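See the structures that follow.
Okay, so chain A shows up in both of these, paired with chain B first and chain C after.
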Partner chain A sequence: MVSPMLRNVSEQGRAQLLLGIADDELILGWRDSEWTGVAPFLEEDVAFSSIAQNEIGHARALYELAARDLGTTADELAFDRRPAEYRCAQLVELRLPGWEHTIARHCLYEAADAERLARLIASDDPEVAGLAAKIDREEAYHRMHADMWFDRLSGEPRFQAALEELRPLATAIADPELRNGHTPDLAELLEVMTEVRRSQPPGTTW
Partner chain B sequence: MVTAEQVWDALSEVPDPEIPVISVVDLGVVRDVRVEGGRVHVEFTPTFLGCPALEVMRDQMEARIAQLGVEPEVEVVLDDSWSTDRITDEGREKLRAAGFSPPARRGAAAPTLVQLESNGFRCPYCGSRDTALENIFGPTPCRSLRYCRSCRQPFEQFKTI
Partner chain C sequence: MTATIWEVFRQERKGQAFQHAGSIEAPDERFADWYAREQYGRRGESAALWIVPRDAVHPIEDFVDELNRNYHRVDGYPLKEKLKEARERAGTSAAAPDGS
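Let's turn to the complex of A and B:
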């Protein structure tokens, strides 16, 4: 079966597809890491730190594959583009105000990401399919964590309100065609994310 | 002239940087070794993609192969061929002896939350199955946290992937 996401794509098209997913995982990884040290309780501090580490690891592997197609490096793709050049969905960019919104985004993202990964695993590009299957093994644990929290909070009106508020943004995760522009939160995040890299003299090798 | 067997033996001395009781060969991350004249090509499959030990493993494998007087070439293969089922029986026993509960067998299906919350996991200290899931996540991407109600000891359970 040829994935609809990969049909008739040139190498450039494949790289752009991979970049969209890599950007989602990198930016969400950063947002998840913001709970390190300040989550409502210690076990979630550990959980979100670990999820962040996984997501950024997935981003790196996807950037490496894209970088090979584009003749650049994973670091340059992750850190040296202008905000407008990122292809992430708005859902992952948002600096969210609280725990219920964080869990709502987590549930919405993991569900959409599972759908996206299933399509990539079925693609006829062995490199994309193989990497997607590897990522999916790890994401299974993120989905369990999201499901556990969904069950815990499903009777809470604040959680339901957060889900309804964010749900319209979730459709763009599985469908890159629906991505349209960025929130101001992305530029702010990139400013922080690239601060150390930008502070070094040109030509620094890492 | 170095043989593939000598390279495998050398790699079996390269420890996992985070859990040095187990080697990269025990972990099952060395997929293939090919000797081509003075060059040795190794296919290396990462465990978890975000694992910071991967670069260290690759550098240590290269250094160990170079000690054999040949040129190492470690290729990182980002496909789906590694699973915790690739950890050898010897590796699983080494983990258990060091206080880590080895991963449950994956078989054909992905693990589920129901399984994690079941009593299918044995305490590496006292052997009891009366253990509870504390956290799906743990100190590194590869481990969950469990608690043994029998000997009242928390322990690290390897995730099945």
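Let's turn to the complex of A and C:
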């Protein structure tokens, strides 16, 4: 399943493609970071917080490339758009009820993201291919992490139920054509995420 | 979670001795591997890691030097005091290198 948007990066508007991925990474990173300090045990708290931070780092790199094409800045793209302008998939937006759902999302996202990154690495745009390869080197750790949790929880009915519940939303990660509107959870998240930035007049230097 | 404590040893550069880096808590070897990489390895700070379950470490702490046999020490033992005493008995001095 190769989406037309990803098949020919240069013709389809590179910035829009990058924004979709950047938004996924930023919003998922933000959701994952909600586990900081409250993960099931301390080592996992450190691990999952690190994964969250990696995702936000990937978002920054992608926003920077998109910002160059659009004549704006990464911060403005990340924080100053209206909720409807975000291009993220619904899977990353959801405020999930528990650890089994979080790991289910993590597994589904990493699998779809690997597929997406493989296509970007094969892109004929050297900047996109280079950035995707760089991101993929870090995502390899995320996939290892997702795989070990998948194997550990695979016998748990609650984990299986969470996987089945979220699986339909995962197809939109690798295929932007399937993205169709946002959940109410996104507006709520953006409200909190941009609160500090909005507290000062536009153009404030932080 | 039934957690095991794993001791992590870190080699900073190839060929150097491994040194104890710290410990982590993990349910099995696979988790221990990931957490050890995350905390001690993936930012170029280590050439290699050893991860050992703490239970596999046999500790020895009860050292008693019963007879004060410090000549058993592999780093040798100090001769300075003994030489001084011997020279005093012989009436010679280390400060007279011309042998007078």
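One rule holds in what follows: the second predicted complex is superposed on the first by the 194 of 206 C-alpha atoms of A that agree within 3 Å, B and C clash if a C-alpha of one lies under 4 Å from a C-alpha of the other, contacts with A are read in each partner's own complex, and residues count from 1 in each chain.
Please note the rule applied: a residue touches a chain if its C-beta (ideal position, glycine included) is under 8 Å from a C-beta of that chain, and two chains touch if they have at least 3 such contacts.
Given the structure is predicted, the values throughout are model-derived calculations rather than measurements.
With chain A as the common reference, the superposed partners chain B and chain C clash. Between chain B and chain C, B touches the greater number of residues of chain A. Of the two partner chains, chain B is the only one that A:I135 touches; chain C does not reach it. Looking at the shared chain after the overlay, A:L96 reaches neither chain B nor chain C. Of the two partner chains, both chain B and chain C are touched by A:E43.
Contacts of A:A118 after superposition on the shared chain: neither chain B nor chain C is touched. In the superposition on chain A, A:R152 makes contact with chain C only, not with chain B.
Look at A:M144: by the touch rule set out above, it reaches both chain B and chain C. When both complexes are overlaid on chain A, the residue A:L65 reaches chain B alone and has no touch with chain C. Residue contacts after overlaying the shared chain place A:A187 against neither chain B nor chain C.
Overlap of the chain B and chain C interfaces on chain A comprises residues 43, 46-47, 50, 141, 144-145, 148. By the touch criterion given at the top, residues 48-51, 78-83, 110-113, 116, 134-141, 145, 159, 161 of chain B touch chain A in their complex. On chain A, the positions that touch chain C within their shared complex are 40-43, 46-47, 50, 141, 144-145, 148, 151-152. The touching residues of chain A, counted against chain B in their complex, run 43, 46-47, 49-51, 53-58, 60-61, 64-65, 126-127, 129-131, 133-138, 140-141, 144-145, 147-148. Within the complex formed with chain A, the residues of chain C that make contact are 1, 3, 24-28, 30-31, 34-35, 37-39, 42.
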